[in-house]
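Okay, so subunit A shows up in both of these, paired with subunit B first and subunit C after.
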Partner chain A sequence: MKEMNQTTLRRLISVGLLAILIALFTAMVGAGSGKFLNAENLMAIVRDASVPGIIGVGVTYVIITSGIDLSTGSMIALVGMVMANVYAYTLLPIPVMILTGILAGLLCGFFNGFIVAKLEIPEFIGTLATMSVFRALAYIIAIKDANGVIMSQPMNVSQYAFLGSTIGGSSKGIPYVCVALVIFVVVGQIVLRYTRFGTNLYAVGANKKAATLSGINVERIRMMAFVITGFCTAVGAVFTTARLQSATTALGTDFEFSPIAAAVVGGVALSGGSGDVVGTLIGALFMATLENGVRKLDMNTAYQYVIKGVIIICVVMFDAVYKKRMDRIAKEKGAKEGLE
Partner chain B sequence: MKKIIATALCLMMAGSLMVGCGGEKTTREDAGGGTATAAAAGGESNKVTVDPYSGDQVKIAYVAHDLGTPNNQGWKEGIERECASWDNIKVDSYNAESSAETQVQIMSDVISQKYNAIILQCSDGTALAPSVKQAEEAGIPVITVNLDADTVHSALVMAVDYDAGRMAAEQMAKDIGESGEIAIIQGVPGLKRTDNLEKGFRDTIANYSGIEIVDAQSASFEKETAITVMNSFLQSHPNLKGVFAINDAMAEGAALAAESAGKKGQLSIWGADGEKDALAMIESGDMTGTIYTNSWDEGSTAAKIALLMIGSEYSYNVLEKTPQVIMEPIVVTKDNVASIPEEDRW
Partner chain C sequence: MAENNVILEAKGIYKSFSGVSVLQDVHFSVDRGEVHALMGENGAGKSTLIKIITGVYSKDQGQIYWEGKPVEINNYQDCQKLGVACIYQELSVIPPLTVAQNVFLGREPRKAGKIIDYKKMNQMTQELIDKYEFPLKPTTVVDNLGIGQRQLIEILKGLSQNSKLLIMDEPTASLSGKEAEMLFKIINTLRKQGVSIIYISHRLEEVYMLSDRLTILRDGKNAALLEKHEIIPAKVIETMIGKVVDESSGSKKMLQSKGGDVRLDVRGLTDKTDRFRNISFQVHKGEILGFGGLIGAGRTELVRAIYGIDKPISGEVYLDGEKMVNPSPKKSIDMGIGFVPEDRRNHGFIPLLSTTKNVALTNYDILKKNGLAVSDKDELDMSKRAIQAIDIRPSDPDKQVGVMSGGNQQKVVLGKWLMRDLRLLIVDEPTAGIDVGAKDEIYSILEDLASKGVAVIVVTSDLQELLRVSHRILVMRKGDIVKEFKNEVVTQSMVLSAGQGVTEDKEAAE
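And then the complex of A and B:
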């Protein structure tokens, strides 16, 4: 019961910070101008948060087990390229093409899980290595012209491109990717909170040895977290390439930190064992709001980066102070109970 | 069970790879129409015209690929200079940080903010095509700079690409006496401009039977990476006589690497763009030459076209292909580098 109250409090704080950020930008951009606070722009923010949010579901699982996945950006490129190959060289129907892409993502995730959990290579180095490997594979299978120069492959048939647009196709509709985001977050949160697998993720993250001793197959849990990340990343890649109506080897460059940042800002501790998917969703929305709002401030780009950096530091610092306080309260309580 | 699934996944992947390597490219039929069909030619003009030269409030968005590069700064400066004399014209610059995904997000933002015109350097012409089309359909003229979009739009202002490669190849052939080993330092693959530059260079070199292109590696447009690439060229090909880098930053890196290998002035090192640092290195004899384009002029040309488009009732849907404005290239070597005045160096 007490633990529940704490998470509720943490959630309220996250939502509060997001609200403060929105209020701040509304005021700074000019409340009267309606440039920031309008339905169209808020929908654009949710849309921009969607791909990091979807991939963030998997990344949250990995971080909860105290791992990290740096390869998601390159994975987007590889999944995109696998689909581009099916698109360019076969006449297989679009759903089969998407399925092939998803399988590629699962395989990438499986590979990550294998080297991290089975071969016991530290996550940071292991996924840093696969980040290069996946990118390189994307280059190898890339579509090339007669001179061997890599080309961007258009994927613009409407049976596919509609995924990148909105329901009904009008610019004011709800983008499909946002619907996918909602599904992923709801399912991801339910799995995390109400299944044995979810509980095991926390157990592994909190203390691997204790988890092993209590009969949890730690290896399998960690592997599963990476496979799920692969799946989420593949879905993210489908929506990204559908929106761009094309695939290139440059897809997802520098993307890998977006879902990680979303998770951390949303209260998922990099040390593992805490946080949840809804937190990551709020984090993703926070980052997208920041990105969108700063762009509208009529400011030199260099200062935009400074503002972004300072706000992120403030949020994470706030989180650290909050955690310290919570730890102290817990300790004091423990001491009191010990005296009694 | 797990193993079976894993094997099946492997086979699927391998299958799709093989498909990618072997087959002929196929053409897909569009069943639904809608997103991919072009706007009907000759339709009603969708333009809302305002006159920027008679005091109407006008705002122009410049959406750059990477604002950190001298080229992008040069264009930005050119655009801002062009508009500086009018108080009613406002220019906002956006940085896509070298990512097509970010650029697409910025584009939809800029369209919903109802800018009067967009000057865009496409990170990826294919990926940006839907956004460019969306802007044009909303009545916002899009002027691309150097990197084209794969859809018909108001205008493309570009420095020569294929011909710049050709000119560099001809000059280098002359430098090295039409025989010997040379190498290419490539940019990020998949960009039309740089691919064309390389193609122009390769096609021209093919005319000289004595010259052999022994290596080609990417240095991602970056000076530091080019130093590493050049070092590996020098080690694996000790007889290397010339290097062509797709942009000046990489040519500068190659020149630095050649200098530290004790080969200053012995190699023919060519770049393309003509940025300030490269011109200085040509003056000092580190670099052999470059194909110079005036970026400030290019930026201000793009801005002029934007203002013209904003003020006219002319709409993109009468166009069959994108009109092009091509900037004059100048072959710069040590002999004529002094003729480029300080105020034209960006």
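And then the complex of A and C:
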């Protein structure tokens, strides 16, 4: 009999988790307008999942190479603040301001990649350090009043703020950020599955030595994953500031956690070499659904962090146990059936 | 044989490591479409020779010829370019990718826009699979495959790069019987297609069955080059060990059983993954029991299970008549069992810590406490006693164990067990990579322990050592105990023959 392969099973589990959560909240909160299950609320969930999902594309790449990037939250604040400076102190057009922000993100990603891949500083500690550096830089360049007190910079010109709203501008329309999410996920998945770069990401994550022996430039692949994360994070920052119509130093405080959480729930194993962008999208939707449902239930929002944490522990535990089981099955299969 | 039929030739290869000569004037040549086996005892220089051919080591002297032309191989890429592929024992396949993705990793065929042409790639893989008759499908994800099939992917990968010579180092070591049979079939197909293979193995029956010629190395020199009809088990074993068989060299010994009551009683122990099955034996007080056999015969797995690291699927272990329930290393230590693991550096000690701390680590339960903290003085005292007992020179208790010589490191590992009231000590490959002087000292330590009534189990692949220390010898082969030697004269050939599964014939015992 054909056995189900690990990736397929893992996908079913994350989709199943999302379905169960939706069913649960529908039962607890109910369907219909103002309740949980209605078009408007579902769209709100997708919108909330969008920024973590977009950043998640890059984070997925990094985790597939068995790395981690903890600095994305601080990067959002820094990118937002760079754009705020351009907005406040120059007369440059909005598209140039956005490009400057994206460039800042690329630089941050490049810096992460450089210290991790070139200087061989462990990912966890390296990006923990840049997480602190990026946030500090955001404070340093923040817009201040005459007394040196940081103030939030409003960025409410309609040429920019429209990115934070919906196509057509009505509250029932499709938010631009959701369109961006779809584009990022589709392109991200194609690159991962259908290009050498994508295959190389898996190879680097699963077995660096084997990758090197196959002529893959491991250093370059790892670097690229971080640069792409920088790009995705910058795009996330653009949509976040456009929606808030302002930039503050506190931007993205929860965003080092949520893309990683989305990836992990979606089946991107922290040990590297498995998972994909679609999985991360499912994970991001799961997290957004959880937040939304907890809010609708009028529960203390602090609970959602407890639930998130517990779910992540369970999922990682499942992955570890499952991997062990698969390794054992591979061995036993060899012992019992030979090669048939 | 005609000159142009030789694909690889190594002439007059010399290599030494820090003054110690490892290869001396070694000649080795492989013909097109030939399976050429390479044998020799541990340390005979097989892997050094292969590492020189694959560019991992540089040679001191000599020349390598590829298809008759002199070549320089400075790294693995060089040798890949020539058409040599090495099938590593530690597999380097990428589990989340498919068979085809693994085979063409880094060389995927692409369509316009840099998109991988999966159709073409799967088709190319299928062609290779058909040509060499591999039992694989291009689109299977490697995750779902057994170890044997993963190995075949490595071979396929080599073939996809038009390799003309495959080097297989102990390819059957981690394969089951059926997987190995499949591999042999494929090796035969490859030979018919003109692919040459260097086959390194300790298993005589495989070499006997597969190879066209056999080169035997001994002490870094060519000992023999045998044609297929000359490959006779007894002769091969004799050549590997060396013909000079006299008692002083430790190749022959009169075994004498020693010891009192039964200390350890193992009944029907069977491994989960079938690496050993239905093993029963006893060890007596004051006895040194040696375990012989080939690498991969299941000896290490067996002693790990007795010590409580791995859980066996069935069977019982009794220590002094008391049944061990739910064994674990902690319980074993509490019951007076010591364990010196095979992989000294990774499992035996903590390299960054001092002798004192390493000795203390296993013995915190018996060290005196000042309130909750361990008494530094007592810790140091114990370390000094250990250093004295095992004679570590220079005797610096604060020295990091990681920077000591192999011999001293092993002494520290032994020393920490000597501080306890041991009933049974298990040592796995106690002197691997240790110089001769220190070896003797380690043997005396083991003998001392035995004379004090401790039961000792020694697992070793070094035949000389096995004969030197054992009072009784059990030989394992493919997970079974196949032979017991006691109260009789035993030679290295007899042990080796038993481990190889060569039918007992008396001339080998001469």
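Going forward, the second predicted complex is superposed on the first by the 290 of 340 C-alpha atoms of A that agree within 3 Å, B and C clash if a C-alpha of one lies under 4 Å from a C-alpha of the other, contacts with A are read in each partner's own complex, and residues count from 1 in each chain.
Just so it is clear, a residue touches a chain if its C-beta (ideal position, glycine included) is under 8 Å from a C-beta of that chain, and two chains touch if they have at least 3 such contacts.
A quick note: this is a predicted structure, and the numbers were derived from the prediction, not measured.
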Quick one: is A:T90 in contact with subunit B, with subunit C, with both, or with neither? Answer first, second, both or neither. first
Partner chain in contact with A:K35 - subunit B first, subunit C second, else both or neither: first
First, second, both or neither for A:I141, with subunit B first and subunit C second: first
Thinking of the overlay built on chain A, is A:T26 touched by subunit B (first), by subunit C (second), by both, or by neither? neither
Of the partners subunit B and subunit C, which touch A:T253 in the superposed model: first, second, both, neither? first
Could you look at A:T301 and tell me whether it touches subunit B, subunit C, both or neither (first, second, both, neither)? first
Of subunit B and subunit C, which one touches more residues of subunit A? B
For A:A210, is the partner it touches subunit B (first), subunit C (second), both, or none of the two (neither)? second
Just which bits of subunit A does subunit B share with subunit C as contact spots? none
In the complex, the residues of subunit B that touch subunit A are 6, 9-10, 12-13, 16-17, 19-26, 28-36, 67, 92-95, 97-101, 104-106, 108-109, 112-113, 123-130, 134, 150, 188-190, 195, 198-199, 202
Subunit A residues touching subunit C - in the complex, by the definition given at the top: 3, 5-7, 190, 194-196, 199-200, 202-203, 206-207, 209-211, 213-216, 273-274, 326, 328, 330-340
Would you tell me which residues of subunit C are touching subunit A in their complex? 76-77, 92-97, 101, 105-108, 110, 114-116, 118, 135, 141, 143-150, 152, 175-179, 181-182, 273-274
In the complex, subunit A touches subunit B at residues 35, 40-41, 44, 48, 51, 82, 85-91, 100, 103-104, 106-107, 110, 139, 141-143, 145, 147, 149-154, 156-159, 161-162, 164-165, 169, 171, 240, 243-246, 248-255, 291-292, 295-296, 298, 301, 304
